[in-house]
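Here subunit A shows up in two complexes: once beside subunit B, once beside subunit C.
Let's turn to the complex of A and B:
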């Protein structure tokens, strides 16, 4: 029997999106990837927008006027939110990739402990710091609205 | 997540409750479009999902297929998706699930051969690709061993945890990166690469490097941790992968100590055999 005759059962993107009954790190993984893609999309848009400068002052002012609307301010805040999460969670990932907070290999004895549980307090701290950074940034963004 | 069971361990004949098992059915010839079949199973204390499947097969539908062998969490054959989490059917007690309905599906991220039987061929191909065996330069000694290689307890501890893998595929089913990257080696194979890299008797790190550190190797992992949560043997694949990344980084900066393969343990020349201990059997190879 060849592989092609079997039913395909790959989760695809649902593997990212349905965190299911796994731990919070799986949601952190999904959010990290999605925010990474969002920042990449913003970066491409950012290059496109700033390239208006080479078309002259008038084109630049037109684009800036267009972007100076509440909708884009909200969009900017979302990018800031994505950046804050991605950067702080990225620091956690770099530290775990360097072997910090994971413990040392040991003979598995039931009930098993694992490195994911051992580093979970770090994830909680990172999420709290991210929330504080987002809140502080949120206050600053609110000031940017006319009349505030 | 796997939690210890304290009160449901003893088997009795008393039926505790009826549980509905919703099983995803597929057969290339008779059920080409997958469907869900429901079965009511009287559940007793200590009854495992595997026991429930046996009950269904014997009493309700003899065409139901799944794979199993040892019934004690050793062979790694009966991995399936039980109530949204990859588990071994033999290692999961029905009452432990605390549900009146149990959903059974084949392991995701593997093709399905029939009903609850996944095609694990890809798992073994990836496993083979990292050369999961002791690689040494003294091939003559490997081919014709004259003794044991020396290894301390500390050296053993560095890889022992990762050697408990039973190749059940639960980690691969749990991994979100495997879900989108078909060629990603996945937690099972990478953990085994690390297991042998850390073995003091092995010197094959460089030979595994291309595969394990390549485009679809360790750096595809972003520490979702689902593999370690799903592993029924406490192998902690996510841990092995992070340690492998650390070692790869160290090696790239020239900070990883070059490993010299463990030498042969010195022959015992003195001492007296303890009374009642028989001689070792004669060599067969």
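Let's turn to the complex of A and C:
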């Protein structure tokens, strides 16, 4: 991946965002990156926010009081959503990277099959699990709102 | 042939697996434990936070998670930036800046965790 004339991304930003002729996995890839960046941004802030406990109970309560507003809770839920997607899709990526669920190379005989199609059920399963994780966590976030 | 980049990529995957386990535990405690009835009270209350900070297992878990997440996140960011076809000189500068940022953030986070743990444990 080091500098090379073979790695030119002539499409620029669209090279990241467009699925082109690829399937749903291409959008899963784009979303994986976007959620990764969002989680990284949150994580860096999280390091500083949680370090407030060093300053004692008063400082901790001040910070938590500031972050306890519905707007921050919605933001936190979006990060939780990103975490659920990134973690579950990441499991699929590692498994396929290691060669699982891709099958073995075969002749191009009708009905055609390929490794992308063979791993697609895994994508569906991990997304269902991600949805369950989001729903369970959603219960916790709903409690942050008045009337819950 | 195993290049430096493929080694860094392998560590990216290893860090991802470590994060999956440790962040899974963290997320369960923070957002799901109450749902399953395994934790009583507000996990964000100062006393609850201090209770976990005092626990050596939690302290070690936080520091390992901090290191793994910083490596995984910043290496991922580096990969995304490098795909913009920047010059090799810019790649080197960005690599150095990300390493420095990672070390600085690790020191801040590790100090927060270990200082509280040491003070609470009377070390």
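Note that in this section the second predicted complex is superposed on the first by the 128 of 148 C-alpha atoms of A that agree within 3 Å, B and C clash if a C-alpha of one lies under 4 Å from a C-alpha of the other, contacts with A are read in each partner's own complex, and residues count from 1 in each chain.
Keep in mind that, in the parts below, a residue touches a chain if its C-beta (ideal position, glycine included) is under 8 Å from a C-beta of that chain, and two chains touch if they have at least 3 such contacts.
Here the structure is a predicted model, which means the values were calculated and not measured.
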Subunit B versus subunit C as contact partner of A:9, first or second or both or neither: both
Is A:74 touching anything from subunit B or subunit C once the two structures are fitted on A? First, second, both or neither. neither
Tell me which partner A:33 touches in the superposition: subunit B (first), subunit C (second), both or neither. both
Where does A:64 make contact in the superposed view: on subunit B (first), on subunit C (second), on both, or on neither? second
So, A:144: does it touch subunit B (first), subunit C (second), both, or neither? neither
For A:131, decide between first (touching subunit B), second (touching subunit C), both and neither. neither
In the overlay, answer first, second, both or neither for which of subunit B and subunit C A:45 touches. neither
After overlaying the two complexes on chain A, where does the subunit B footprint on subunit A coincide with the subunit C footprint? 1, 3, 7-9, 12, 15-16, 33, 97
Subunit C - residues contacting subunit A, complex: 5, 13, 16-17, 19-20, 23-24, 27, 30-32, 34-35, 44, 46, 49-50, 53, 66, 69-70, 73-74, 76-77, 79-80, 82-85, 87-88, 91, 105, 108-109, 111-112, 115-116
Spell out the part of subunit B that touches subunit A in their complex, as residue ranges. 1-4, 26, 28, 34, 83-85, 106-113, 118-119, 121, 157-162, 164, 174-180, 182, 222-226, 228-231, 233-236, 238-239, 242-243, 245-246, 249
For subunit A, which residues count as touching subunit B in their complex? 1, 3, 5-16, 20-23, 25-26, 28-30, 32-33, 93, 96-99, 102-103, 105-116
Of all residues in subunit A, those that touch subunit C in their complex: 1-3, 7-9, 12, 15-16, 33, 36-37, 39-40, 43-44, 47-48, 50-51, 53-54, 57, 60-61, 64, 80, 83, 87, 90-91, 94, 97, 136-137, 139-141
